[in-house]
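Consider the two complexes below, in which chain A is the common component and chain B and chain C are the respective partners.
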Partner chain A sequence: MHEFLTAGIIGISLGAQYALLALGFTLIFGILGVINFAHGGFYALGGYVAYAAVSQAGLPFPLAVLVAVVATAALGALYERFLIERLVDDHLATMMLTLGLYLVISTSLLAVFGPQSPEFSFPVKGTLRAGTLYLPLENLVVLAVCAAAIGGLWLLIYRTDFGRALRALADDRRVAMTQGMRPGLLFPLAFGLATGLAGLTGALVTPILALSPSAGDPVLVTSFLTVILGGLGSIAGAVVAALIVGFVEAYASVYLGGSTGALILFVTVLVILLARPTGLFGREIRGA
Partner chain B sequence: MPGIAKRSLAASAFALGLVLAGGAAAQTACEIKLGALGPMSGPAAQWGLAMLGAAELAAAEANARGGLQVGSQRCSVSVLSYDTRYTAEGAAAGVNNLASQGVRFIIGPVGSPEVTGAKPVATRHRLLMFANSYAKNAIGPQWPLVFHLGPGPSEWAPPIVRLAKEQFGMRSVAIVAPNDQGGTDIASVDAEVYRRHGIAATEEYYQRGTTNFAPIVTRLLASRPDVVDTASSPPGDAGLIIRQLRQAGFTGPIGRLGGPGTEEIIRVAGGIDVVRNFYWYEVAPTEDPRVRAISDEYRRLLNREPPENTNMWLWVVGARMTLRAIERAGTATDTGRVAAALRELPVEDPNLGRGAWTGQSFFGINQELSLPFGMGMILDGRMVGVRRIDVSPQ
Partner chain C sequence: MEARSPSRWGAQEWAAVAIFAAALAVPWATDDLLVHSIVNRVLIGAMAALSVFIMLRMDLLSFATPAFMALGGYAAVLLAMNGVTEVLLIVPASFLVPALVALPLGALVLRLRGVYFVLVTFVLTEILQLVLFMTPRLTGGADGLAGFPAPTLLGTELSDARSVLALAAAMALLAAAVTAALTAHFRQHFAAIEENEVLAESLGLVVWRYKAMGFVVAAGIAGMAGFSLGNMLLTVHPTSFGAQQAVDTIVYAIVGGRGSILGPVAGAALLVTASDFLGNQGQYAPGLFGLLLILVTLVARGGIAGAVAALARRRRAPRVAAAPAAAPGAARGGA
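This part shows the complex of A and B:
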C-alpha cells in the first residue's frame, strides 16, 4: 500500500512537469502548425538563464525564473519573426529550422557552461512526511506553478481577444486575415509564449532534477509523446495526456522496474492511439 | 585524334607525377594523426572531453620535445576528434571518418556501446585503438589491435568492496545502472563481487535518458538495502538518484563502483552533507602530487584549464604509451608492428607510476593497461580522501 500511494504522489508530480512541457509544444503546433524540435533547447536554456541569474548576477530565485521566461520568450519570438515566419507553411523547412536551433542552443550551452552539471538547487528545501509517505516541498511548488500556468494559459487563449485572434488564425488563416488578424505580429507572440513556457519549466524543474547542456534531449521525447497522446494542438489533451504519462510511468516503474516501465508507457500510448489515432482530444487539432 | 589522345594522356601523366611528387615532398614533413573518439556532447561529454584533453596533452608533450622519432623521420603529432554522442553508431561512423583523414591510431572510445560499435570498423581499417569502457568483451583475442585502458571492474571492485565492507559492515546492496551495455556489463560484475564478499546484491536498471528517478528510488528502497550503489550511471544521474534517495528517507551509505565524476555527483546531489557516506572507485590516486602534476603540465603546454574529470589522468597514460610504441616500432603506418611494440613496453608512467599488463584471465588477452587506482571515501559528510591501490601483473 505504501508503494501504491507513493507512486500516486510521484505520478502527480511527473504529470505536472510533463504538462508544463507539453503545453508550449502543443500551442505552437495548434496555432502555427509547426512542430518545434527546439522545445527541449528552450527548456535547457531556461534552466541555464535562471542558473546564471542566481549564481552570477545574484538575483533571487523568483526573479531569476522571470528573467528565464522573458529571455526564452524573446528568443523564441525573434526566431519565429525572422526565420520561421518566412517558411511557416513548409513543414519540412520549419522542422529543420527548429532542429537546427536546438543543436545551436545545446552546443552553445556546452561551449559556455561546460559539460558538467552545475550546482543549482531549488531554494525551497524540506520534505513533507506522513508515515512512510513523503512529498518534497519543491515538487509542491512546481505543482502550484503548473496549475497556475495551465489556468492562465486557458484564460489567455479562451477568454481574451489575443486568444480569440490566435484561435481564429489556427482555424482558418485566410479568413482571419481578411478580418484584420495579423499573423506577422501574432505568430511571433504565440511562439514566444510557448518558448517562454518551456523556459519557465526549465527554470523551475532543472534545480529539482539536474541541469546540463543535454537536458533538453529527453524533454523533447516526452513532450512529443504527450502531445501525440493528447491530440496535437489540444491544450486540454496535453494536460490530460501528461497526467496519464506521469501515472503510467510512476506505477510501471515502481512495480515493474525502470526498463519494463518505459516499455509499458510506450505500449500504453500505442494502444490508446490504435483506439483513437488522432489522440485523446484529436478533434481539437487545428484545421488550417 | 589518337595522337591528341596520346599527348593528353602523357600530359595528364606528367601532371599527376608532379602532384604525387609534391605530395611526397609534403609528406617528408611527417605528421602522425592521433584520433580522439568519444562523446564530446550529451550526458557523457565530460568523459569524452577528458579523453580528448589527454590526447591533446600527450601530443603537446611529444611536440614540445621536437616530435616523435619514427625510423629516420621526425614526426609531429596532431589530434583529430570525433563526437560519438556515446552511441555505437556514432563510434562506428567516427572510426570511418578518422580513417578517411589518415588516422591510424585512436585514443578512445569511452563507453561500452561505443566500443562495441567501433571495434569491427577499426579492425576492418586495421587501426590500433586504445579503448576504455567496462564492457565484458571490451577486448579479446579476436581484436588484437584493440587495447584496454584499465583496470576493469573485475580488477578494482574486489579490494574496494572488501574495504567498504570493513568500513560500513553492509549485508545487502541495491545496484542501479542504465539498462544498456554501459550499465549492465558493469553492474552485473559489481553484483558478483559483492556476493563473493557475502553481501546480498540486487540489480535495478533504468532507461538511459530518465530525468526523474523518484519511481526507481521507491522500487530500490522496497528491498530495504543497507547500501545503494550507482555503478556506472552518468554522474548527473547518480547525483540526482542520491538526492532523491535522501528525500525518500534513505540514510545508508552510497557506493559507486563505476565511472568517475565525484565532484559533479556532489554538486547535483546538493552538497557533501547530502551525500554524507559515500565510497567510490577513483581511476587514479588523485591525491598523489605527481598525479595532480598532469593538470599543471596541461596548463603549461596548452595554456588553458584542464578538463575537470579525473579520467584525463588515466587517459594520458594510454596516449603516451601509444606514442612511445610508435617510436619503438619505427613506423607510423604498420599498426601490427606498433601493437607488438606496445605489448612489450613496460607499464611505467612518470606521473601515475608503475602498473602492469593484465586481462588474460578475464578477457583472454593480456592487453589491459592496469595502473594504480584509488578508492575514495566520504564519511559523515567529510571528505576522507582517496586511498591508493596498486595492481599486480598477471
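This part shows the complex of A and C:
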C-alpha cells in the first residue's frame, strides 16, 4: 500500500509536467496544424537558460525560471513569425523547419555548455512527512507550479478574448479570419505561449531530473505519446492523457520494471492511431 | 492504365545506377582505408535515403526506415550466426524479411496520411527499439549481436576491407536499380498520389495497391541498408537503428532533393562526407544538418538535385531563365 501511494505521487507529479509539455504541443497543432519537432529543444533550452541565470548571473531560482520562460517564448514566437509563418499550411515543410530548429538548438547547447550535465539542483530540499508517507518537497513545488500553470492556461484559453480568438482560429481559420482574427499576430503569440510552457517545464524539472543537450529527445517522444492518446489538438485530452502516461510510467517502473510500461504505452498509442486517430477523448479538430 | 504508363528510365535513373556501378570500382581503385570508410558510409546512407525517397514520392514522410533497417540487419546476422553465410541467400533475406513485415503493416498504417502517418512511423521505430532491448535471447538486447561469421560468396569469405566495400557497393547498386525501376515504372501513379490522392482514387487509380508496393519495396531496401551497416560495423546494435538515424536519413533525402532519385544519393554523399570532415568536431554535425534542412525548406524546396536541375535548365535556355518565370519550377523542385 505504501509503495502504491508513493508511486501514485510520483505518477501525478510526472503527469503534471507531461501535461504542461503536451498542452504546448497540442496548442501548436490545434491552432496552426504544425507538429513541433522542436518542442523538446525548447524544454532543454529552458533548463539551460535557468541554469545560466542561476550560475552565471546569480539570479534566484524563481526569477531564473521566469527568464527561461520569456526566452523560450520569445524564440518560439520569432521563429514562427519569421520562418514557419511563410509555409504554415505545408505540413512537410513545417515539420522540416521545426526538426531543423531542434537539431540547431541541441547542437548549440552542446557547443556552449558542453556534453557534461551541469551541476544544477533544485533550491528547495527536504521531505514532507504525512503519516508514514514521505513526500519530496521539490516534487510538491513542481506539482503546484504545474497545476497553477495549467489552471492559468485554462483561464486564458476559455475565459479571455485572446483564448476565444485562438479557439476560433483552431476551429475554422477562414471563418475566424473573416471575423477579424489576425493569424499574423495570433499565430506567433500561440506558438510563443506553447514554447514558453515547454521552457517553463524544462526550467522547473531539469534541476530534479537531469540537464543535458539531448534532454529534449525523451520529451518529444513523451509529448507525441500524450497528445496522440488525448487526441491531437485537444486541450482537456492532453491533460487527462498526461496523467495516464505519468501513472503508467510510475506504476510500471515499480511493478513491471524495465521497458514494459513504455512498450504498453507505445503499443496503445499505435492502436489508437490506427483505430481512432482522434484520440481517446478528442474530436476531429483538424483533418491533417 | 499500366499498359500506357511509360516505364522507361530517364537520364536521372541511369545516372543513379551508373554512380553506384562506379562505386563498385572504388575498392580496387584505392587502398586508402579512410576513403573506403567514407564511401561505405555514403553507400549505406544513400540506400536508407532511397527508402525515404520512395515514400516521399507518395507524399509520405517515414521515420520507420531504421525499424526496417533493424529487421533486415538482424535477420541477416541471425542467419549468418546459424550457419547461412552465403550472400546470395542473406542479401535477399535482408530485403524480404522487412518487406514481408511491411505488407500487413502497410495495410494498417497506409490508411493514415500527413502528420498521422509521420507519427505512426515515429512510434514504430520507438517500439522496435524497445522490442530489441526486451528480447536479449534473440537479439542480444542492449549488447546487440557481434562476432558473427563473415558473409561468403560461393564459398569465398568476404571479410577483408576490399570485399566488405564491394559487397556494400553491390547492394547499393541493387537498391538503386530497384528504386529506379519502381519509381520510373509507377512515375505517374506516384505523382497522382502525391498530387491529390482523393482525386487519383476517384479517377480509378487503385491507390492502396501502389502505396503498398512502394511501402514494401522501401522496407526491403532499408533492410538491405541495415545488413550493409551491420556488415561494416561487424555488429548490429539497437543504437544503430533509433530516431537519430531516422532524422539523418530524412535529412539526406530532403537536403539532397525529394524530386529526383539523384537527390538522396547526392544528399547522403555530401552530408556523410561533411560530417567526416568535421572530424573530432563530429558532434556538431546535427547542427549543420539542421541549418541545411531549414535553408532547403525555405529557399530550395527541390534540394541539391532540384537546384542543379534548375541551374542546368537556365544554362540551356538562358533567355527564358532571364525572366522570373523560371523561378516557380525551381521552387517546386523541378524534375
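What we mean here is this: the second predicted complex is superposed on the first by the 268 of 288 C-alpha atoms of A that agree within 3 Å, B and C clash if a C-alpha of one lies under 4 Å from a C-alpha of the other, contacts with A are read in each partner's own complex, and residues count from 1 in each chain.
The rule is short, and it goes like this: contacts are C-beta pairs under 8 Å (C-beta built on N, C-alpha and C of every residue); 3 or more make two chains touch, one makes a residue touch a chain.
It should be emphasised that the depicted structure is a prediction, and the values quoted were computed from it without experimental measurement.
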{"item": "Clash-or-fit label for the pair chain B, chain C on chain A", "value": "clash"}
{"item": "Partner chain in contact with A:7 - chain B first, chain C second, else both or neither", "value": "first"}
{"item": "First (chain B), second (chain C), both or neither touched by A:96", "value": "second"}
{"item": "Partner chain in contact with A:110 - chain B first, chain C second, else both or neither", "value": "both"}
{"item": "Contacts of A:151 with chain B and chain C, given as first, second, both or neither", "value": "neither"}
{"item": "Contacts of A:83 with chain B and chain C, given as first, second, both or neither", "value": "second"}
{"item": "Partner chain(s) touched by A:224 [first = chain B, second = chain C, both, neither]", "value": "second"}
{"item": "Which of chain B and chain C A:262 touches, first, second, both or neither", "value": "both"}
{"item": "Chain C clash site on chain B (candidates 25-33, 43-51, 115-123 or 259-267)", "value": "115-123"}
{"item": "Where chain A meets both chain C and chain B, residue numbers", "value": "106-107, 110, 115, 217, 221, 258-259, 262"}
{"item": "Chain A contact footprint on chain B (complex, rising order)", "value": "41-43, 45-46, 49, 179, 204-207, 209-212, 214-216, 218-219, 222, 235-237, 239-240, 247-249, 263-264, 267-268, 270-271, 308-309"}
{"item": "Touching residues on chain A, where the partner in the complex is chain B", "value": "3, 6-7, 10, 13-14, 17, 106-107, 110, 114-119, 121, 127, 129, 132, 134, 136, 209-210, 212-215, 217-219, 221-222, 249-251, 253-255, 257-259, 261-262"}
{"item": "Residue ranges of chain C in contact with chain A within the complex", "value": "59, 61, 108-109, 111-116, 118-120, 122-124, 126-127, 130-131, 133-134, 243, 247, 250, 254, 283-284, 286-294, 296-298, 301"}
{"item": "Chain A residues touching chain C - in the complex, by the definition given at the top", "value": "29, 35, 83, 86-87, 91-93, 95-97, 99-104, 106-108, 110-111, 115, 217, 221, 224-225, 228, 232, 258-260, 262-263, 266-267, 269-270, 273-274, 277, 288"}
